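A short worksheet on the structure shown next.
Chains: A, B, C and D, in written order; residue numbering restarts at 1 for each.
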Amino acid sequence: MVAQQQDQPVEGRFDGIEHRFPVRVYFEDTDLSGVVYHANYLRYMERARSDMLRLAGIDQRAAQEAGEGTYAVSALAIRYRAPAKLDDALVVVTGLMQVRAASVDIHQRVMRGAQILSEAEVTAALVGVSGKPKRQPREWIEAFQRLVGQRDQEA
Amino acid sequence: MVAQQQDQPVEGRFDGIEHRFPVRVYFEDTDLSGVVYHANYLRYMERARSDMLRLAGIDQRAAQEAGEGTYAVSALAIRYRAPAKLDDALVVVTGLMQVRAASVDIHQRVMRGAQILSEAEVTAALVGVSGKPKRQPREWIEAFQRLVGQRDQEA
Amino acid sequence: MVAQQQDQPVEGRFDGIEHRFPVRVYFEDTDLSGVVYHANYLRYMERARSDMLRLAGIDQRAAQEAGEGTYAVSALAIRYRAPAKLDDALVVVTGLMQVRAASVDIHQRVMRGAQILSEAEVTAALVGVSGKPKRQPREWIEAFQRLVGQRDQEA
Amino acid sequence: MVAQQQDQPVEGRFDGIEHRFPVRVYFEDTDLSGVVYHANYLRYMERARSDMLRLAGIDQRAAQEAGEGTYAVSALAIRYRAPAKLDDALVVVTGLMQVRAASVDIHQRVMRGAQILSEAEVTAALVGVSGKPKRQPREWIEAFQRLVGQRDQEA
């Protein structure tokens, strides 16, 4: 029903095994060079990953409050190809590349229409409250594996 | 058509003379106290104002690129009543209070359901490329006056 | 000794009962209008308050880790008088106005030389892990009262 | 004279051919996991690069205002090894790896004492107002080459 969807924050969606998440560019995202500040693409990508987890049934807030830890980026490589500008309607496209016991490898690209503005490979690891890496719950790994269409789990 | 709306960033809407704009809380918004960092409510409110301008037919990016200036906050008073948390679905409700020649007074509140988390009064002034205040274009003032339902313009 | 001060982050200092804290403007702080984004003055002011607490002997991190809570801004009113630009060397001047059992009122202004760029009145309240306001430890109140030169505590 | 240095923002320094820049962690830098949000290390690194340019005699603000362009990150690869926490006193250590006609390769690491918290390789390219890459001014390249101790310029 339309009425129920009023006032709901944006949600991404899966298109096959890729997750698509829309982002609008606001003043806060730009710097004096007139385009989006380079670090802010990492914020966009993190929003998309969080949305993908939510859609996959993984509740980060509940996990964090239950002391089960949070995902932390352990490595990230990004290329900036073209700048995004104020008011641009962007889409962050996210694909899972590999699922390991304690971490996942993710590919993300920020698109404006058919143009790739930036793309990144990100490794996110589950980290316990102690700050140490920990194994992802089995049901999370299974949710990821369904996304990645991957049959063989590498430990 | 649904297909056209796919991958579109969130848009607010007018409910009578109030503008409603949904916001999701992400990791980037929180601090170590576990809730949204106080300065980030100002980012939410600015997104809502920018969306309201877009819906009212005012193109901030075109104006900025044409050298016609941008809106700058000249005064802001905010009260924080309750904290927002990761994953919260919020709505920023914005109402125009008064339209002057070179500035507007705005009331904004950040809601989670029926609860007011924070509310602010904001004065935004149009500022030219020189950094000096300037008169708002007549058609912008008229657009605001339609929103505010205000008959008498104060100069 | 000079050698000991190498590689130390900036520290503020007390000049009488006012605390002075230097800030440099970087790209991250600006937006496409070419000046500092309005919400970022709140970040500068918060850095100054944290530095003032440190100099006053109040260890926010230890308090937070010990579950004693953190300060949260409960109200803030700010006026923006002139914009700050990239590379500007600013000073945040902070004065305590009033100390109450569970909160303090603070006046802050962001200066560039003798010019006031923005000024704010901020109420910061101690908040426990439950999210509820709590009384400030006696030694913190005493530290504040020394700063404010205030003899009578208002509960 | 000490009096002149009062109220000055922090400045980095060269230690041989490495640039060292101190950073303090504030609330704004952390997220609810209790440590510094991953994108914020990029802000620290950008502050250090800007400071290094300033010390090398390159005035980014003058260049930007004169329409000569600004540096933009074109590629960045970062590894996160250990988290930084509130109040930590960090040092960003920056070394130039290679100077090309229109870009430079830089290595940066964020240290807490002797511990590497994160390290990155960054390519920064000079970008004109049109958004196109442009050759760096000869005197900038020479300044970089003195830093890198590199004799042969690669075009």
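Criterion: a contact is a pair of C-beta atoms (placed from the backbone, for glycine too) under 8 Å apart; a residue touches a chain by one contact, two chains touch by 3 or more.
None of the values given here were measured: they were computed from a predicted structure.
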item: Maximum centroid distance from chain D, chain identifier (CA atoms); value: B
item: Chain pair with the higher count of C-beta pairs in contact (A-C, A-D); value: A-D
item: Centre-of-Cα separation between chain D and chain A, whole angstrom; value: 27
item: Where chain A and chain C are represented by their mean Cα positions, the distance between them in whole Å; value: 34
item: Residue numbers of chain D (touch at least two other chains); value: 27-28, 32-33, 35, 39, 43, 46, 64, 70, 86
item: Chain D to chain C touching residues, read off their complex; value: 6-10, 13, 20, 22-24, 26-28, 43, 46-47, 50-51, 54, 59-61, 64, 70, 85-87, 89-91
item: Chain A partner contacts - residues on chain C that touch it in the complex; value: 27-28, 30-35, 37, 39, 86
item: Complex interface listing, chain A residues touching chain D; value: 32-33, 35, 38-40, 42-43, 46, 64, 70, 72-80, 82-83, 127, 131
